[in-house]
Amino acid sequence: MDWQRLQTIDRRWIYLVIWLVVMVPLIVPFPIKPKASPPVERLFNYIDTMPPDKALVVSFDYSPSTQPELQPMTVALLRHAFARGTRVGVLALDVTGLGLAEDALRQVTAEFNAHALTHEDSIINGEDYVFWGWSTPAITVMLGMGERITKVFPVDYYGQKTESLAITKYIKNYDDIGILVTVAASAIPRSWINLAQTQFGVRLGCGVTAVSAADFYPYLNSGQFTGMLAGMKGAAEYEQLVADKLKESGRDWRLRGKGTEAMSSQTAAHLAIMAFIILGNIAFFATRRRRK
Amino acid sequence: MRRRLPLFLVFIMGLFGAFAFFVPHPPVRQIDEVLRNDVIRIIGALSLVLGVGSIIRHHFIKIQRKAEHWPYSYITIIALVVSAVIGLFGGIDPNRPGILPTQVGSFSFHIQTIYVNMMVPLAATMFSLLAFFMASAAYRAFRCRNLEATLLLLAAFILMLGAVPFGRMISRHLPAFAEWILAVPNTASKRGILFGVELGVFATSLKIILGIERGWLGGGD
Amino acid sequence: MSISTDPWVWIAAILTLGIFSFLYKENPFYRFAEHLYVGIANGYAITFYWHRVLVPTLVDPVSHGQKLWLIIVAIIGALYFTRFIPKVSWLVRIPIAIVLGYSTGASIPRAIDAELIRQAKATIITRASFANWQAGIWAVIILLGVIATVSYFFFSAEQKGALRRLSYAGIIFIMIGFGASFGYTVMARISLFIGRLQFLLSDWLGLIK
Amino acid sequence: MLSLEIGHADSDRYLRDNDKIILTPVFFRLNFGVPIPLAVLLLTTLLAPPADVRARDVPNDEGKNIMVTWSPSPDTDVTGYLVLRQTQGSEIWETLGFTGPLVHRFVDDGAVDGTPYAYKVLAQSQAGTSESEPSAWAKSSAQWFDTGTLPALIGTGIFAFLLLYFINRAKKDKSLFIRRISGLDAVEEALGRATEMGRATLYVPGLSTMSDVATIASLNILGEVAKKTAQFGTPLIVPNADPIVYTVAREVVKESYTAAGRPDAFNEDIVFFVTDQQFAFAAAVDGIMAREKPATNFLIGMFWAESLILAETGAATGAIQIAGTDAVAQLPFFITACDYTLIGEELYAASAYLSREPILLGAIKGQDYSKALIIGFIILATGLALVANIPVLRFF
């Protein structure tokens, strides 16, 4: 074998391999069943055992640039809530997150309504969920929601008066919220702690990008975040937990999990890079020995 | 005058910038806020004209000299002018249209539409090239040449293993070990580097304010 | 399979492929995307600086007769253009001096306060660090690592004897840290590429749904 | 219900006497033999008010702020607190704001300095509200020195002294030592290679503005590099991502060409601006690297995620690459993809190293002593904390 040539291989071969190992699993998925790490499991378990009258609130605090990592999380969270009949409130603190929230809600409600037979099964806007929309500044939203949410969002994203929505009766302020999950690529989760949690004691969870996860571990360890989803891996683990739950309750719908799907690409890409490193070193040692 | 006035200004402004950090009294705070929010921003925004002038000139020279690939210079100039006209006259806020219509039938060419459908995908794609470049950089650089290079390689390897489900299959403790590397040796080295960097920033800033370092003045007298 | 009919999706897809083609080699397709990108980026910057900076901070107040002193600021900013007039071109140094002076001055206490003092404080070991023995050992390792790393950056002393050994230990820490940062970032970068592929395969080609 | 009546009054014009008027009958009736169950009912629906409301000026600020603190109502069903303010000489209580049930402090940021104010706090629950006694009068004032910045002031003073002392000494003692920095030793070799190959040299002074000190350090190095390219007659390409940096870079390069005795070799197209958008700039520089194939690339200054995009493309074109940045997050990528990397402070030592100017070398010595001081301080503080159990962290 020509080790010397392998050492100075045209990098385009490497690019081609990376391209293929990422793309093929997206088209032909070979699902790797992810095993949930403790922070993901804690978030799932909390939401799963929350009193039925408490709502889940998802705050879309990210922009399209981090969508590949974060959108699967919000989708999985919505699925989880609807699967157990939990009421859901949705808002966005990043104005570009509005479109992402709308996409996620449209997707997940369609998934559930496609299998709905009765009014009870259906997911209905204003009854089972409310999309408050966006407001600024963040501090006013975070504090105002502790007093009365309809004051912060007098009309919802679709222009309906929030006071007139059936769901408003059940979600008035933080007291009615079982957990609020902020999904963000910025420092916003910290503001949720500093304002909403220290002032009103609302329970928080977060979903963050892989790169920023290290910054949030201290808050997870101190219990300020009940759980955390970090990067695509976190999203994939949550998707799997939700899929298992749906299957258990006889709803084996095989919904598309962008996180899980991407995880096989991620694993393949990581293994490929590691294989390259190993190969490079074998070639390196082989040529060095020959030189001696 | 030509050198002294700028040096004097740097000294005064620098002194004030540092002073404002320690003094919260209203006149100082207010001036500081005005400097930051108005003066620096306006001066900065006006400097863009210089930059745009430079890029247009750069491409005009190419076209004039018929330098290699000169026809592409037209693309930059035309794209620049067209998007600037759309943005300046069509408005930046979709809800407050400018004097230029930005919609033909159902087709919108508002500057935000251009931003979302051209700049965002271009930026995201440039950014995603890193997936490939990390692989090729790792392949070339991560060789066990000596102890330092080997440690670089091992640390990267462990972190990569810890990131995928495969790592847990090798050892249950691997993800935790990866986290430890990040939290302990990594923190130590970053902090050590940071001490030097901050002192370098401090020293350079002081030298500029005191006029010891004056390379920024450029040539001439 | 349902290919998108939205012209903007097509434009985005074509530009995406244009950039990716650079991985094979520099080519007219990439060159086109690159030149277009630079042009639009500048056009957008002009738009942004005008509508989001100059109009609210300068044009609006002044046209309403408020903050008239801003006109002086605008004149100072306009001194940039003296660069093109050889006789008074030195005046370009005035706006530069103002921006440079203020920002370097402001960076002095902040470098000390936010970074040096805070980081030094975090490095000091107290009895509380030993609340559990593991955390205590880690704190000691961090302290030793910081000392070793800093010693690598001693420039005015010759690297021999104890200093040489210490700064070599510093390099070891630096390399482990760099390797860890590199490995840690891989996943985020692959995610970006997955995002682009999902756009191409799903939004554009409709191959996966 | 009684408690509802207490809180019923419009809080914007809330008279202090209200609660007395309404509370009196309660106690009246209690004292005069109301059936016990009714009394219990009345007492439980009554919310205990917050107590011990205190107001004081917020220290170390620009005035206008008064901090209000209180002991919470012992009732557990409190949903929040409303803070009210009265200006001396006025009968009106105005509502200032709302805090959550867990927070027992509030900053009034709308006070007029020197005017006395009194505050009271209203506890709210589903059942109703109850309010505290008013606080004593308090005034806000502005301070001339923020005592919280004292450590920074002391640090600034000590480091500035060390720096200036060694700069001063260097003016007399010219034999200052500086250790080897391999990245900078390579500059000459790298430029020589470009000359031999008859190819250009690319210099990217980072993507940041002049306010980033790394940019200034980079421009100093650019000055030295440009002198050499002028001497060797190697073409130089300097693309910029900030208009002001572009202006200064142009001046610096022009000056270097003049200093090297080759003002004729300088042309306006050496230094140019590209765009201030990060990835558009990266795309353009990648294009330049791939088309012009410079023999040497300098990537020195402040970089973000584009660091590896530039460095890997440069490596692919076969250029010798010298990088330097103080952006700790980007150093791993430069280390892996470039031939030489100036790590952190090495970037700042560079202009002293290249120019060998005694003043700059003196500054380096001052920085070294400052570092030694920091390390000594950390060790000393650790010693004191561990051996004598002195709460050192509280001092700064």
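Letters are used for the chains, namely A, B, C and D, taken in the order the chains are written, and counting of residues starts over at 1 for each.
Assume contacts are C-beta pairs under 8 Å (C-beta built on N, C-alpha and C of every residue); 3 or more make two chains touch, one makes a residue touch a chain.
Source: prediction; values computed, not measured.
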Which of A-D and B-C has more C-beta contact pairs: B-C
Between chain C and chain B, distance of the C-alpha-averaged centres to the nearest whole Å: 4
Separation of chain A from chain B, taking each centre as the mean of its C-alpha atoms, in whole Å: 28
Distance between the centres, which are taken as Cα means, of chain D and chain B, whole angstrom: 16
Junction residues of chain B, two or more chains touched: 18, 21-22, 44, 47-52, 55, 69, 119-120, 122-124, 126-127, 129-132, 134, 136, 138, 140, 142, 152-153, 156-157, 160, 163-164, 182-183, 190, 193-197, 199, 201-202, 204-206, 208, 216-218, 220
Residues of chain D touching at least two other chains: 149, 152-153, 156, 159, 209-210, 213, 216, 244, 247-248, 274-277, 279-280, 283, 291, 316, 331, 333, 335-336, 343-345, 349, 367, 371, 374
Sequence positions of chain C contacting 2 or more other chains: 19, 22-23, 31, 33, 37-38, 40-42, 44-45, 80, 83, 95-96, 99-100, 103-104, 107-109, 112-113, 116, 120, 123, 143, 146-147, 150, 153, 174, 177-179, 181-182, 184-187, 190, 192-193, 195
Chain-level touch network, classified as line, ring, star, complete or other: complete
Chain A residues within the chain D interface of the complex: 11, 143, 146-147, 173-175, 198-201
Chain D-facing residues of chain C, complex: 19, 22, 25-26, 30-31, 33-34, 37-38, 40-42, 44-45, 80, 83, 92, 95-96, 99-100, 103-104, 107-109, 112-113, 116-117, 120-121, 123-127, 143, 146-147, 150, 153-159, 174, 177-179, 181-182, 185
Parts of chain A lying in touch with chain B, wherever the complex brings them together: 9, 11, 14-15, 17-19, 22, 32, 34-35, 37, 64-65, 210, 214, 217, 233, 263, 266-267, 269-274, 276-277, 279-281, 284-285
Contact set on chain B toward chain C in their complex: 2, 5-7, 9-22, 35, 37-52, 55, 69, 72-73, 75-88, 91-93, 107, 111, 113-115, 117-122, 124-132, 134, 138, 147-149, 151-160, 163-164, 178, 180-199, 201-202, 204-206, 208-209, 216-218, 220
Parts of chain C lying in touch with chain A, wherever the complex brings them together: 23-24, 184-188, 190-195, 197-198, 201, 207-209
